[in-house]
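Take a look at these structures.
Paired with subunit B in one complex and with subunit C in the other, subunit A is shared by the two complexes that follow.
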Partner chain A sequence: MKRILYVILILIVPQIIVFGYITHEEKEQEKEMKLVNYTMKADRLNKKVVDHTKFEVLQQDFERPQDVTLACLSCHNERHGEIMANNHWTWDRNENLHGRNEMISVGKKNILNNFCIGVAGSEKTCTRCHIGYGWEDHSFDFSKEENIDCLVCHDQSGMYEKAKGQAGRPVEGLNLNVIAQSVGSPERANCGICHYWGGGGNNVKHGDLDKAMNDCSREVDVHMTTEGEDMSCVECHVTENHNITGKLYALSSENKNRITCAQCHTDRPHDDEILDNHGIRVACQTCHIPVYAKANSTKMIWDWSTAGRLDEDGHTMHENDADGNHNYLSIKGNFVYDNNVIPEYYWFNGLADHMLITDSITSIPIQMNTLEGSYNDKGTHCESSACSKIWPVKVHRGKQPYDVVNNTLVQPKLWSPQKGDSAYWLDFDWNESIIAGMNYLDLPYSGEYGFVETEMYWPLNHQVSPADKALKCVDCHTNSDKGRLAELKDFYLPGRDRFALIDNLGLLLLILTSLGVIIHGAIRIVLGRNCIEDNKKS
Partner chain B sequence: MKVYIYKIFERFWHWTQAFLIGFLAITGFEVHGYFELFGYKEAVIYHDNAAWAFLILIVFAIFWHFTTGAWREYIPTTKLIKEQAAYYITGIFKGSEHPTNKLVYNKFNPLQRMIYLGLKILVIPVMVLSGFAYMYLNYPNITFQLGSLDIVAGIHTMGAFFLIIFVIAHIYLTTTAHKPLSSIKAMITGWEEMDEKEAREMVISEMEHGLKKAKAYLATDTDRETKSKFLDEALQETEDKLGVNKCEKFRDVVANSGAGYFKINSDGMYKEVNKAWANLYKYNSPSDVIGKHYSLSRSDRALKQLDETFEKVMKGETIEHGIVMRKCQDGTVGYHTITMTPWGTDGKILGVEGFILNVNPKNAAAIQWDNK
Partner chain C sequence: MKKKLVYILPILLSVFIMFSCSDHTKVYKNAGEIVAKKSPSVDFIKVETLHAMLDTGAMVLLIDVREANEFNPGYIPGSVNIPRGLIEFKIANDSYWEAQFLYPPLKTDEIILICKKGHRSILTVEAVKKLGFENVKVLDGGFKKWELTYPLEQEKNLDQVHDGGGEVGGC
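After this line comes the complex of A and B, so read on.
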């Protein structure tokens, strides 16, 4: 008995202690979130410092919206300079596109995408989202102060609205007096009117910017939810002197003026070293935006090549899918929408290239905005100052017209107020519309067009899920085909990758050893029994 | 017969290591994506913790091996390696005897030595180093970094397979001892059950160690002009047979074992005995015996056997004798085993010397009975 106790004490107790030590986990307590540069809503003093209703200059019946702008500038008499330097005004920026050693002027003004392709020739409708009045064509005067539209961003009455096809001018009959007196810091609806609705419909382009986010649950967006912090856009997109931080790589190319999660959450936000270390190579968004387009669908595929089908009477058609989203429009072709979409994952280091209208097509599908990065880009001595991280990306796949002979993308003219102006959306003649569009840009067109597959990449940043909905280890560390990183194959990922040779050889040896042991043992048992029987006989 | 063969630390180390290797294998292969058991995150954390625990254990084990001299048990030898391999391939099925015996200071057979040494100096270090690289060198925020995890992970996986295969073979081979479970029991209690022959070998081995001890004494004694060439040869033979080299530890062991040393000249007179010898024969001091004839050590009946042995040894043989009964000064009797070997100079035999090792009367009876 004493012996048994002794054995237990010496041999079993240590194992229990070791096991306890190994599997010991600190109980997860409700730990306070690490936050910097941010004051929680509950701790804020919400007091208006200016009441615009009391300014005399605003108490007039404005005839033109430009008069409101002039009234604003009568006090904020240097702000127009800030605005005129802003991309929201210029739709243009001089940037160093990755892989090209020259500064190139790119922006909404001239860059092509695989949604509505480009604004050139159709400005009058597209500039409904320009923060100005009257950008109809090349002749727009970007230096004229009164053309700045202050109200689209600062209106807090909810009454302000820009008109369709009117080059950014507001609809008729607005009470500009009331609207002007309502002004304040931009709210979600101000930004959202363009950023939700870009591409011609709600949540069409981004997939993570949706009108639902004006009033959404925690599940949709843990930051903007009205159930919680109720954050507006500018609380992250911190803005000083109208320099709005944050950028989107549908248009941007350089790694500057970006917003990071770390600006509030720090770069070591977890109480877990392994997770924090993941942040060195994995963007926060990757785990914390497990799906996008949570409240409304977003457009995943746009095929222009089927556009132009008209009904028997020559009228345009539209067909919807089961969820009520368009899947065919005569003017635009076929679409595929989807919601609760699982992102695709790419290495990304903050640098991007763009397919310019003057570039030759070298590979298909064409990458409209190539996100740069790879596993081997680890920062120092590499292409970027910061290392590439794995990012969740919405990939929008398209099929759009190109010049078969010149091997370039083309800009068709899509919109016009009246028929007979070569605008595709009214005349349905691709060749005419491309001639008109390329003429407008003063670019060559061979006269032969075809349709080419394109991809456009939208790194995801919004619709962050609550922590408990974040990705789990096995979502990536798995060899299942459904693993989130199943396609990102340029590096060794534990749990996903293995060397077939080592594993197969190892398993083979394991099986052979086991078989060897079983056979060896069996022979011993059989021969041993025979010997005993022999002995008994003799 | 049971022999105490594994010390407390050895057993603690062995089982803790066994547990940790098993646990590391399970969590490791979960991380490798083979199955889901603890959950991926938990598996990673447990694997890391177990690795640290293993590392601590390794530090203690290294310390233990060097302070106790147990590291010598892993010195590789090719002696009997073929025989050992042949035993596992064919001999074991025919009921042959083990070609090597498990002895207190020579626990491992040549194959074990090779495999265990391989584990200690190759597999474990490789696993530790690749494990550290796996944990710390994969992020770009440190000076030295790996291009990719793949090589490290590949090596670590290879090592893991090797260890698992080792464990399977190791567990199976424990069943090849005296009885299928005696090795495992020994590793739990420290006492290994051996058959009678093995036990006798143990005794002989202790005596051989005694001889070694004698040599150590001879070397340190001041007025010993000539070292016994014969003893040297005998020791060499022993060393060769066992595949071990000289070990400092024997000195203490022999002292504790109570082995008695004696040296007799060609006339049969005691030239020298040590204190242990005198104690066993219940003399007050060695000087009471020096110069007297060896016949005082036996009863009349048993003396004849001793005479025969003496004559044989004087002719150059080394004799390892089984249990004999001695006559003490006060007329009582005791039992011991005896090893006798010639000594001399320039190849001329000048007398005999050797060791006697006390045997508990109870065991002596049993062994004598077995012999008959």
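After this line comes the complex of A and C, so read on.
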């Protein structure tokens, strides 16, 4: 009986222990997060420091939105200067484009993209997202302070809305008195009304800026979630004197005025030296934004060459995909949308070049913006203030009109309030719309157009996932063709790449070691001797 | 004999315990885990390979296992729509294929399963193989990967798509 108990103890108990260990799910210990320059929501003192309903100047029935601006400036009497120096006002800035060694004017005003192509000639609809009133064409007065639209950023009533096709003016019938008294620091919805809707629809352009982020789960955005920190945009894009930090990587050529994860999380945020060291060559976003377009789809492909198809009655057409996103529009052509998209990965050092409308086409697909960087851009060879890191990027691929003789991209006129004005969206005549657009810019056009493939790169920064959803080691360190970095081939990545000679030498060493042990043991058995016993005897 | 039992009984007991803890009782946390578990045993075909096969007129049966409301707005030319929930009931049902004016597939025919991104197809392979079809593959990345690679090469059943909206868009 005793023997049975012994055997059971020896055989069963270890199995139970092993089984218990394997199936035991370790509860995640709440780790204290390393944070600097940030006060957690729970620790904040939310005290309103000003109540705009009590200001007499705002207690009037405003006839024009410009009158609200003048009322604002009657107290904030130097703010217009800050606004007028801001890119949100100018849609323009002088930047030193990488590789060109000259200052060039770039901005929404004149840079082409592969979505709606560009604003020139169609300002009256595009400037719905300008922080001003009345930018219809070249004649807009950028020095007139009453043209500043304070409300689009500061309205907290939720009632303010800019009208479609009205050059940034608000819709008619708004109660500007109530709206003006509601003003406060910009919330997500204020920034989102333009930044979510870039490219003509929600989440179309960026892929990581989506109206769902006004009220989202932790899985969609761990910073902005209403279940957690509920952060507004300006908590990262820290703003003083209307100088908003954090420039759009896709449109900003110089590596300046950026914001980084490290400004709150430090550059050693993990309790793990190996992970922290990854930060030297891997952007935080690479692991912590494993997918984007989590709540709503984003546009991945836009083919303008198929636009203009009308039904048998001459009416415009639209077709949707299985998720309800546009797949075809007569005015815009074919699209492909996708959601929960795995990013593409590139080396990037914060510098970018842009395809200007005056540049000759030298390669296809045209890179509308070129992200600079490479594996060798490191250490003393750094091309910018920051060495290249691996970044997650949304790549938007398109096909858009170009001048086949002059070999340049073109700017078609897309929008007009009425037919017969050469606007493509009403007249469906590419040649006429390009003539009108290029005339508007005073640029040459040969009269012959074609369509050319383009790519535009959007480094991802938002929709950061919770830590437990971040990429794991094997997502990159694998030789599977589905590995995240399978296409980034210009460097040695452990677990993905192998040197056959070193691998074979290691294998040989293992075999020789095993043989040594076997031969050694065999000799001892054959000789019938045991070192320990021999030592004891001696 | 008694002495032998002393050793045999605990060993049998331990074998019993080991098997009772085997994978058969594993409960997965989510669909992603099941897909990851099944993936290694599935044969995949890339969209580029399928495209080349279709170009050469290869005899291949494309079964799109998405629901009809997902299939009708866009599908790979030549696909047959059998939603995943009906696959066992239709794929080996001769009258179904007759109604489609198609020959029923032979057990040795190459069958390629298509869904939105490939996950549903992975979960469908086992059901199709259980009915004796030997050569079953999954389109890697599904219809979405096809659409991203060949955006204009798709068919649509627009007459079966319900859409109440008019022209939309613009900036």
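The definition used in the following text is that the second predicted complex is superposed on the first by the 468 of 538 C-alpha atoms of A that agree within 3 Å, B and C clash if a C-alpha of one lies under 4 Å from a C-alpha of the other, contacts with A are read in each partner's own complex, and residues count from 1 in each chain.
Methods note: a contact is a pair of C-beta atoms (placed from the backbone, for glycine too) under 8 Å apart; a residue touches a chain by one contact, two chains touch by 3 or more.
This one's a predicted model, so the numbers in the text were calculated from it and none came from an experiment.
Enquirer: Kindly classify A:S157 by the partners it touches after superposition: subunit B alone (first), subunit C alone (second), both, or neither?
Expert: Neither partner.
Enquirer: For A:I301 in the superposed arrangement: first (subunit B), second (subunit C), both or neither?
Expert: A:I301 sits against subunit C, while subunit B stays out of touch.
Enquirer: Return first, second, both or neither, reflecting whether A:Q15 touches subunit B, subunit C, both chains, or no partner chain.
Expert: Touch status of A:Q15: both partners.
Enquirer: A:E319 contacts which: subunit B (first), subunit C (second), both, neither?
Expert: second
Enquirer: After superposing on the shared chain, does subunit C or subunit B touch more subunit A residues?
Expert: B
Enquirer: Which partner does A:Q263 reach: the first (subunit B), the second (subunit C), both, or neither?
Expert: In the superposed model, A:Q263 contacts neither subunit B nor subunit C.
Enquirer: Now for A:N177: first (subunit B), second (subunit C), both, or neither, which partner does it touch?
Expert: Neither: A:N177 stays clear of subunit B and subunit C.
Enquirer: Taking the superposition as given, does A:S330 touch the first partner, subunit B, the second, subunit C, both, or neither?
Expert: Touch partner of A:S330: subunit C, not subunit B.
Enquirer: With the two complexes superposed on chain A, say which partner A:T90 touches: subunit B (first), subunit C (second), both, or neither.
Expert: Neither partner.
Enquirer: Given the touch rule stated above, what does A:T239 touch, subunit B (first), subunit C (second), both, or neither?
Expert: It touches nothing on subunit B or subunit C.
Enquirer: Shared contact residues on subunit A for subunit B and subunit C?
Expert: Of subunit A, residues 3, 7, 11, 15, 19, 23 contact subunit B in one complex and subunit C in the other.
Enquirer: Which stretch or stretches of subunit B touch subunit A in the complex?
Expert: 8, 11-12, 15-16, 19-20, 23, 31-33, 36, 39-42, 44-46, 49-50, 53, 88, 92-95, 139-141, 145, 147-150, 153-154, 157-158, 160-162, 164-165, 168-169, 172, 175, 188-189
Enquirer: Okay, in this complex, where on subunit A does subunit B touch?
Expert: 3, 7, 10-11, 14-15, 18-19, 21-25, 274, 277, 280-281, 375-376, 378-380, 387, 472-474, 477-479, 491-499, 502-503, 505-507, 509-510, 513-514, 517, 520-521, 523-524, 527-528, 531
Enquirer: Residue numbers of subunit A touching subunit C in their complex, please.
Expert: Of all residues in subunit A, those touching subunit C are 3-4, 7-8, 11-12, 15-16, 19, 23, 116, 122, 125-126, 128, 164, 199-201, 300-301, 303, 306, 315-322, 326-327, 329-332, 334, 336, 338, 414-415, 425.
Enquirer: Flag every residue of subunit C that touches subunit A in the complex, lowest number first.
Expert: These residues of subunit C touch subunit A: 6-7, 9-11, 13-14, 17-18, 21, 66, 69-71, 73-74, 116, 144, 147-148, 151-152, 156, 158, 161, 163, 165-171.
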